[in-house]
Each structure stands twice: as C-alpha cells, then as structure tokens.
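Take a look at these structures.
There are two complexes below, and they share subunit A, which is joined by subunit B in the first and by subunit C in the second.
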Partner chain A sequence: MNVLEIRNLTKKFDDFVAVDNMSLSVSEGEIFGFLGANGAGKSTTISMVASLLRTTKGEILLLGKNIASHGKFAKSNIGIVPQDIAIYENMTAYENVSFFAGLYGLRGALLKERTIEALEFVGLSDKGKAYPSTFSGGMKRRLNIACAIAHRPKLIIMDEPTVGIDPQSRNYILNSVRKLNEMGCTIIYTSHYMEEVEEICTRIAIVDHGKIIAEGTKEQLKAIITDAKDIWIGVKSERPSAIDNLKQIPGVISVRLEDNVVKIASKGEINNLNQIVQQLIKDQIEIRSVEEQAPNLETVFLTLTGRNLRD
Partner chain B sequence: MNILIIALKEIKTTLRDKRTFTFMLLFPIILMLILGTALSNAFSSTTPVGDLKLLYKSDIADKQLTQFWQSFSQAIEKEGIVSVPIEKGVDGKQEISANHYAAYAEVGDQGIAYYGSSKKTIESNILQGMLTAFADKYNLAAAAMATDPSLAEGIIRDANDSAAKYVKETSLIADKQPGSIDYYAMAMTTMIALYASISGTLLFWVEKKRNTIVRMIASPVSKGEIFAGKVIGCTVINILLVFAVMLVSKFVFQADWGNHLGIVLVVLVTEVMLAVSLGLVLSYWKGDSARSIVMIFTQISSFIGGAYFPLGNSGESFMGFISDLSPLRWANQALTKIIYNGDLGAAWPAIGLNVGIAAACLFIAVVSMRKKEAF
Partner chain C sequence: MLKDMAWLIRKTLTNTFRNKRSWIVYFGLPICGIVLSMLLYGNASNGTLRIGIANHDGDQTLSQDAIRFVQSLNNVKVTMTDDEQALRSDIAAGKLDSGLVIGEGFSDALKNGNPDPEQLTLVSVKGAQVTAYVKALLQGYVGNVAAIGKQTHGDSAAFDAIYAAYAKKPFQFHTEAVKDTSNKKDMTYQSIGYLITFMLFSAANLTELILKEKENRTFLRLMSSPISARSYVLSNVAVNILILLMQIVVALFVMKTVLKVDSGIPFAQMLSLLLLFGLAAIGLSLLIVAFARSSSSASALQNLILTPTCLLSGCFFPANIMPESVNKIASFLPQHWLLDSLQKLQNGEGLGSLGLNVGILFAFAAAFSLIAIYRFARNNDTKSFV
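For the complex of A and B:
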C-alpha cells in the first residue's frame, strides 16, 4: 500500500511557484530520499504533507485518505523532524518529548513509557533531566528526532536531520533511521549529503525547481546517465581560478573541489582528459593522482540539474 | 484536555524564566517600597480629612426639608467636612473644575444633584459616599412632600434619628486615607497587570522563533485549541504574578486593600485579560516590533495613569483628559473607590472597558490567525 501519495501538487507563494505539479508515491517500508539543491522545494512539499502549509493545487493522500478531509487522521500518523530544530530550551529533554507526545493524545503511563523509549532510541536516556541549552548541536538534532517519534507514527518525515553535526552523531542518526525503518516506519529523508542518501535510501527522487526530474533506486538513477563520467584528480594545492579554467574545457559539466581532490563531471563520449591535465599543469597545479570513475549519484544530480547539491 | 496541556506548559515555562520574576515580581515590589517610603511625607500632607470641602446651593422652599438639610450639614461638619453655601452669581460646577472644592451639591425641593470633582478624586469619593446615603432619603422625602406631606414627615423623622449614625459610618470610611505605601501598592499592582501585555506579544513570537509552532500545528491538536491553551495559560500565570505582588504588599508591607478583596481581584483579572489580548493582537498586526510598541505603550500608560504619582490631586484638565485614556487610570480610579469608599459599583466601568477591549482584541487576533497559514 502507498503510505503517501502526492498528486499534481502545486504551491505558489504569490507568483512564485515553489512546487510545480508534483506527483509521487511512497510505499510502505521505504526510506524515500528527497534530493534537491537549496530552494528546490523539498521543505515546501514536506510542509504541505504535514499540513503546515495549504496546497495551491493537487491532493495528498496519507494511507489512502485525503489529508484535506482527514486532517486529524493524517496528522496523527505523521511524525515530522523539522529542518530547523524545534525544541524548547527551557524545558528538559524529557519534558520536550513528553509535551509533544501529549499533543498526539498519549497520556499517563503510556506517555511516560513512550517518552523514555524515544529518548533511549536517540541515545539521550541519560540526558532526560538536562536542558537542551546545555546540549551539543548533535544532541539537539537527536532530541529533535525524539520529539517526532514518541507517538509511533506510520510515516516519519525528516527534513535534513543531520545538518551541521559531528560524524558520530550523524552515524547515530543514520542508524536510528534504519532501525525505525526496520520497526515498520516508512521514512521520507531529505538531505544535502549525497553519501547519506546513497547509504540509507531505498528510493530517491531528485527535485529541481519544484519538479521531480528523476526518480528510482540508486542503480536506476545511475543508469539514466550512461554518457557521463567522473574524473577525480588529486592535487597538492588548490586555486579557484584554476577551477574556472577547467570549466571552459569542452565536455566538462561541472567542477568542484573537495579535500584537495578536483572532482570533474564530464560527458562520457568526449575524451578530454589530456586537455584537463594540461590545463592544470599550465596553471601550475601539482597533480598527484588521476582517476576515472563510473558516475555516482552526485554526477547524476549535476548532470540533471546543472547544479551542485550544496552551494 | 489539549488546552490544559498547552496552558500548563505555558505556565511552567513562564515560571522558569528568571526574567519573569525579576520583572513581574521584584521590580514592582521594590518600586512599591522605594516610592512608598520616599513619598510618604507628600502623602500625609496632601490629603488630610480637613481638606474635604463641599460647596452647596440651597433652593429649598419647604421648611421641613430645609431643616433636614441643615441637620445633615451639621452632622458632616462634626466629621471635619466644611460645607460652604454658594455665593450669588457663582457657577458651582466651575468652582469644581477650578479645583476649589471637592464636590458641589444643588439642593432643592425636587431633590439633590451631586457633582464630584474629577481631580480631587479621593475627596470627592468620600463626600459622594456620605451624600448618596443622605440624598436617597432626602429625595424620597422631597418626592413624598409633593404628594403626601404626612408621609414625608415620617421619612424625615426616621432619617433624622439615624442621620448622625450613617454620617458616622461613612465618615469611618472617610477616615481611611491612602498612605503612600497603600497608594503605591495599588498603583504598582495595576501597573504590573498592564505589563502582562508584553507576554501577550511574546506568546506566539517565541513559539515561532523556537520553531516549536511547527510541531504544534503538525500535531492533531486544532489551531483553536492551541490558541486557547496559550492565551489561557498566559493569562493565568500573569494573574498569579499580579496576585503575588498584591499579597506581598498586603501582608509584608501591610498595604490597605480595603474590605472588598473579591471585586478588587476581579478588576485586576480583567486588566490582565485586557493586557494579554492587547499584546497578542499587536503581535499579529505589527510582528516583531509589537514588543517595543507595547513597552512604550505600557510605560506611557503607567506614567499618565498614576503609577508613579497619584493623579487624584494633581493636574490640569488637559492632563486629566490624557490620563483618562490610560487603562491604568480606569483601574486605579475603580480600585480607589472600592477600597476607600466601599463603592462596588465603581468597578463596572473598569471591568466593562477591560473586558470589552479584550474581547475585541481577541476577536481580531482569531480572525488574523485563521487567515494566516500558520500563526
């Protein structure tokens, strides 16, 4: 069964179309990845699913019921992890989870049990009495998740739950997403981090300018662009002007620099490796390694949207 | 139940905020103490009972009624009230506006008409208290005189016997003069009630800033319940804070709150309701700048409404008009009449204005809330 079905969904802010006639469906048990650059319309879509924004057009069905007419039902079955951390600094971690779970109708002993359970789930059980103002960024993000799961929703929507945190917390969160999924939750996961999405998502939609421009498993997505390749060149020093020069070479789709590796996405059929290497030498950049790779998701994204996932 | 959960959260988090305590409790109590002590001299010299001056105009043709009036004015003179007959050609009402007398009474065969000074509020209230009791009997007698003189005689005889008594009774109340601590206990309490408007502006602002409003709206709790829960919680906690200030002034500073605490509390409760709704509607209307607007509004209202100096005995008429616009002035006037004059009816204008404006503000807030996508 489809946990979520979106049909021809449009959202306009005045004249600006943030979500443009979008349709998609998420079936039970999926970890559905929502990929898109800044301003692509991910949060806007999510907000409409969570009844935070009104739709301009189209309909949204949760577990087969239209959320416009079954608002309470839909809301009860959704847990939302907002992109911007939404917790009270002047309430303890326990009180935060318990308050929000209370809004979903949990009371008494059950409320207590589920609150403890949610805190345990995100690894904060020993911090129940502590105030979030004393928490690290990662701990706040984890509490942000705990507040969304205590009422055991069928669908959990996570809007960039790992922004700006340490690798340890990130791994913790990714593992808990998997665990939630194993427990039967369907998950919609939004992220700027390609590796995360590639690692945990069973299916991925690439969003650009409010539209879904590609959708499928990672393998399916990678198969879309058989005509692209990745060239990774390890360099000793980096210089932005050199990168601009590389972009002028025929066939090059995009160039980005990560940890002293120049990552170039290029059209597959054009042999431009020589030109690229020569340009780098001309710009007096010392080359340490050259690698040609099969296209990864990042390349897929770049090729389809012409944009980097992260600015 | 959802409303209760949200209201309780509101109360709990407000109580945890140290700034709440400093601002809503410590600040008024300290001011009360400072102003009450520093200005105690000013108070005892400006409002002694001896200053109670009543101007009257007597057009009584009937002998019995004349006697009746005279016995009354003698009785009140024993209580230290000077009653002065008006000179020919002088306009009594003008004398009142010119602040020469606390009250003016026109006594005739038809009855008594009473004019109180709007500036010498305290004195005028005391005089009014005495006169109304007398005037009730007098007017009755006057009416009877026209139709059935023998009945009138009976009324006057009965009244004359008790005249001294009820003048004594009201004058006991008249002896109750607000000392400086009494005045500032009241003025600071009404001031702090008005400061509840600041929490009104913050009510949804904080929730938006913390982004927690997103979770609230995403939950199956309706917008109406969220709104009600938050408004109720905020009002209740502010009422508790105002009561706390009042109780400290009553039991620690021994301030006089009169014998009608119930109605005093009702006036204060409605004032908090007014303040919270005013802040709330401003936050919808003016967004982030609502808080500064409310700060300025409350401070000006406090200043012109008598929070720092009593207005009863001061001021020109322009100042009087301006200060009437301050919700504090309504509250202070009502409370003065209740506490020092036992005039419970004086609560109604203040309660009416407070509740009326609060209801209008809440209505506008609800309408704006429904229009907005979120809050």
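For the complex of A and C:
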C-alpha cells in the first residue's frame, strides 16, 4: 500500500518552476531518501506534502486520500521534523512536546503518556523540566524529533535532521529513525550526508531542477552508472592547488578532499590512474595509498546532476 | 476550531506572563503614565494660595484694611513678614506662591485718590496662574477706595465718613466656591492619552509574535498540524483583546481607586470606548505585521507609525495647544476620535450622542483588519515556509 503518492506535481513561483511535473510513490514501511542539491525542489515538494504550500498543478494522496480535500486528515497523519530547529526556547522540553502533541487533539492522560513516551524515545526523559536553551545542538535536534512524533503519525518527513551535530547524537538519531521504521512508521528522509542516506534508506529518489531524475534502491541507482569509477588516494598532506591540477586530467569528473583522502570520480573507460599519481608526485604530495572503487551514491549523484550534493 | 484556539491562547498567555518584562510592559507602563499625568497636573488642584505680605506702610488704616481684605479671601493663607528679601527668598524656594509688598505712603496716596502701582506690588515666579485671582479682587478694593479719595478731594473728614460707611459693607457679595473640574479633565485626558499609546504598542508587540514564530520556524510546525492559519491568527487576536482588556481594567482601577483620579465618566462607558479603540489598535497591528517582512522591520514600522500619530493626536500633550493644521491631520487618526469622545463625555454629552465617533472608530478597526486579511491571503512568500 502506498502511504504517499504524488502525481504530476508542479509548483510555480511566478515564472520560476520549482517542482516540474513530479510523480513518485512511497510505500508503507519504507525509509525513502529524497536527495537533491540546494534549490533542486526538495523542500518545496515537502512543503506541499505537508500542506504548507498550495500546488500549482497535480495531486498528492496520503493513505489514498487527496490532501487538497482531506487536509486535516493528511496533517493528522504526518509528522514534520524541519531542518531548522522549531521549538520554543521559553518552554521546557516537556511543555514543547506536550504543546505540539496537543495541536493534534491529544488531551489529558493520553497527552501526558504520549509526551513522556516521545521524550523517552529521543533519550530526553530526564530533561523534561529543562529549557532548550540549556541543551546541546544534538539534544535540541532530538527534541525537534520528539515534537514531531508524539502524535504517532503514519508518515514522518525528516528534513536534514542531523545537520550540525556531533557523531554521537547523529548515531542516536539514525538509530531512532530505524526504530521508528520498525515501529511501523514510513519515513521520508532528506540529507546532505550521502553516507547516511546510503546507510538507512531502502529507496532513494534523486531530484534536480524540480524533477526526479533517478529513483530506486541504492543498488539500482549504482547500476545506472556503468561508465564511472571512484579513485581514492590517501595522502600525507593536503594542498588545494594540487586538486585544481588534478581536475585538468582527461576523464576526471570531480575531485574532493576529505580527511587526507583525495576522492576522484572519473570516467570508467579512460585509464588515467598513472597520470593522476604522476601529477600528485609532481605537486610534491606524498601518497600513502591508492584504491579504485565501484561508484558510490555520491558518484551517481554527481554523474547524474553534474554537481555535488553539498553545492 | 474553538478547542484549537483555546489551546493556542493558553500557550501564548502562559509564555507571555511567564516573562516578568511582560508585566511591566502591559501593566506597569500604563500605570506610570497615569502617575506622570498626576504629577503634571496634580499641583494645580491645590486650592489654597500661600501669600506672604510685607507691609512698609505701618499701622495705617487703609494698609491694614488691605491686609485684612486679602486675609478674608477664600482659599488664601497669609503670612506676614517685615523682611521683603526673606519674602522673595520664600517665593523662590516654593514656600510661598506669591508675595504682596505694600509700599510706604500707600495709604496716603490712596486717600488722595492717586494710588501708585509701585506701592502695591504682587510678586510671583509662577506668573498670572497664581497672581490673577488676588490681583483682580485687590484691584477692585483699591479702585473703590481710590474713588472715594478722588471724590472727597483731600477732605480727610469726608473720606473717613464715606470710607467708614463703605467698610460696613452695605453692598455685600455672596460668593460660592465652584468645584474646578478642568484640572480633573486634563489629568484624565493625559492619563488616557498615555494609556492608549501603551495599548497601541502592546497590540503591536503581541501581533508581532506571528512574525517571531515565522522566524523561529515554530510557525511551520504549527501550520503543518491540523490547526488552520485562521485559528492561529484569531487566537492571536483573542489574546490581544484579553490582554488589552486587562490593561484597561487595571489602569482604570488604579486611576480611580488607588490614585483617586475621578475621570467624571462612568466606568462602563470608558471601558467600552477604550475596548473599541483596542479593536482599532489590533487592526492596525495586524496591518503592520501583514506588510512587514520580519519582526525587526515590524518594530521599525511600529515606531514610524505609532509614535508620530500619538504625538499628532494629542496623546502626549493636549491637542488644543497644537496648530489648527495639525488638528486637521489628527482627524484621520483613531487616537483623536477616542480622546475627542472622552472629552465630550466629560463635558456632559451622553454615549448616545457619540454616534459619529463610535462609527469612525469601528470603521478604523474594520478597514485596518480587512486590508490586513487581504494582504495575508495574497502573501505567497516562500521564505515563510521553505
């Protein structure tokens, strides 16, 4: 059964087409990754699914019902975890969760039970009386999630829930996403961290210029790219100018530097490994290791859209 | 919808009054305004004039009678002194309101029908406000005695005979003190002027919460819940009405019961008019929020609109001291119509005769709100959500 179905969805802002005739479906129990660079149309699509923006054309069905005519039903079954932390700093953690859950009609003992449950779920049960101003970034992100799940929605939309937090909190949140999924929630997950999407999403859609340009499991997406390879070269020291020189080598699609590893996406049919290594030696970069890998999601995204996810 | 609104109202009220600053802004400042107007107009309500008299004319009958005449005046307390310098010092120090100096030869000049103004001088640092009353009555007395002197052409016996008859007061005035209500009216006018200024700023602050919610993204979460935008805005208006109502009641209570300022207007009439003005204030604040793109631009608009309009319409000082052209501009402002209504009520007109004023205040409230609603409906600003 499809929890969400989007049919020929279009959103225009004057002459600018933010979402262009998009269609997709999300089945029950999926963790659906929604990938796209800034301005690709992800947030506009999410805003329309959450009934925050009117559609220009097309329809959105939630649990088989058109949200245009069943707005209240749709909103009651969706939980939004916005990219920006949306909580009241002058209310305690408990009051925040309780207030937002109350917007969905929960009252009395049930409201109390669900509030405590949501705080326990995100590991903040002992911080119920504390104000968010005393929280770390990771704790605020967790409270942000608690406020979205206390009413037990069928579909949870998480927009960059791990931005700017420490690895420990990130792991906690990723485990929470898995746990929510196990509890029967369907999740739409957007992130700039490709490894997160690769780790937890069961199906992924890549959006560019308001259109879905690829959709499937991560294996299906990687299979699309047959003419690309990844070359990872471990180096002792980094020098940005050396990266610019590597980009001039024939076949190189992109170069980026992460934790002393030069990650190069290159066309598969061109054998340019020798040239790459020689260029690094010429630039006096000490090489520690060289690995050639099958393309990952990052390479897929880059090849399909021509830009990095973080662009 | 009502349940949703009640939930939102409860949250906004709790958050508002949890902050001590809100208590000061919504209730403390209007009370300060009333106290300030009391200080400005309160002194004028003291009905007793403190007059010091320095007599350099000795025990002459006429100078003694002049002193007795001043002493016999209502609401005048006389202090005698021989030292004119000390008299002037007391006036400068505020111990006396004014001083009367009777020069040497005053009685003789008067007897001859040629009183010299230099021989009877009134001294004050407060001007005509305190000297006019004594001066007017004293001039009447001196004028009468001088007329006797003139008619008797230096005949001392004839003067004494006529003056003795005059002193028996065959023509007596019956005087009755009439309660001076102008001071009370001024004080009320100014107190209400300050109150409505604070009401305008309070309404603007409360409506600005909508923009603040947008900025801290909680608005996005609210709008993604089953709560409608209409319920949300209406809940804000309801909170606004509730707080303005409390503000009015507290201010009027303090004014009447604690500070004993009697406005002369029945409480219910005053409350109704102020509440009606409150609706116009809320409409105006919605209008500001509808056109502002951020809370900081809303604050700038507030200052740009509210302060000058309050100034022009006479909230800070009486409108009648301003030029006619400014009063004409004030006719386009809701504050003017409220203050005008209150003045009419104080002058004895009934609420029923204020149809035009009430209608105009309603029209302001309706026009501001309708323009704001139109603007809200057309606002498709993606930055609000995306």
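We adopt the following convention: the second predicted complex is superposed on the first by the 310 of 311 C-alpha atoms of A that agree within 3 Å, B and C clash if a C-alpha of one lies under 4 Å from a C-alpha of the other, contacts with A are read in each partner's own complex, and residues count from 1 in each chain.
As a working rule, a residue touches a chain if its C-beta (ideal position, glycine included) is under 8 Å from a C-beta of that chain, and two chains touch if they have at least 3 such contacts.
Predicted, not measured: the structure shown is a model, and the values here were computed from it.
Undergrad: On subunit A, do subunit B and subunit C fit together or clash when superposed?
TA: clash
Undergrad: Which partner chains sit in contact with A:149 here, subunit B, subunit C, both or neither? Use first/second/both/neither.
TA: neither
Undergrad: May I ask you to decide whether A:43 touches subunit B, subunit C, both, or neither, giving the answer as first, second, both or neither?
TA: In the superposed model, A:43 contacts subunit C only, not subunit B.
Undergrad: Which partner does A:72 contact after superposing on A: first (subunit B), second (subunit C), both, neither?
TA: Both partners.
Undergrad: First (subunit B), second (subunit C), both or neither: which does A:82 touch?
TA: both
Undergrad: Does subunit B (first) or subunit C (second) touch A:13, or do both, or does neither?
TA: Touch status of A:13: second partner only.
Undergrad: Thinking of the overlay built on chain A, is A:106 touched by subunit B (first), by subunit C (second), by both, or by neither?
TA: neither
Undergrad: Once the structures are superposed on A, label A:91 by its partner contacts, choosing first (subunit B), second (subunit C), both or neither.
TA: A:91: touches subunit B and subunit C.
Undergrad: Pick out the stretch of subunit C that clashes with subunit B after the overlay, from 56-64, 74-82 or 308-316.
TA: Once both complexes are placed on chain A, subunit C clashes with subunit B in 308-316.
Undergrad: Could you list which residues of subunit A make contact with subunit B in one structure and with subunit C in the other?
TA: Of subunit A, residues 50-53, 72, 75-76, 78, 80, 82, 84-91, 99-100, 102-105, 147-148 contact subunit B in one complex and subunit C in the other.
Undergrad: Which bits of subunit A are touching subunit B when the two form their complex?
TA: Interface residues on the subunit A side: 50-54, 71-72, 75-76, 78, 80, 82, 84-91, 95, 99-100, 102-105, 107, 147-148.
Undergrad: Spell out the residues on subunit C that touch subunit A in their complex, using ranges where they run on.
TA: 3-4, 7, 11, 15, 18-19, 216-218, 220-227, 380, 382, 385-386
Undergrad: Give every residue of subunit A touching subunit C within the complex, in rising order.
TA: 13, 18, 43-44, 47, 50-53, 72, 75-76, 78, 80, 82, 84-91, 99-100, 102-105, 147-148
Undergrad: Looking at the complex, which residues from subunit B come into contact with subunit A?
TA: Against subunit A, subunit B makes touches at 1-2, 5-6, 9, 12-13, 16-17, 210-212, 214-221, 373-374.
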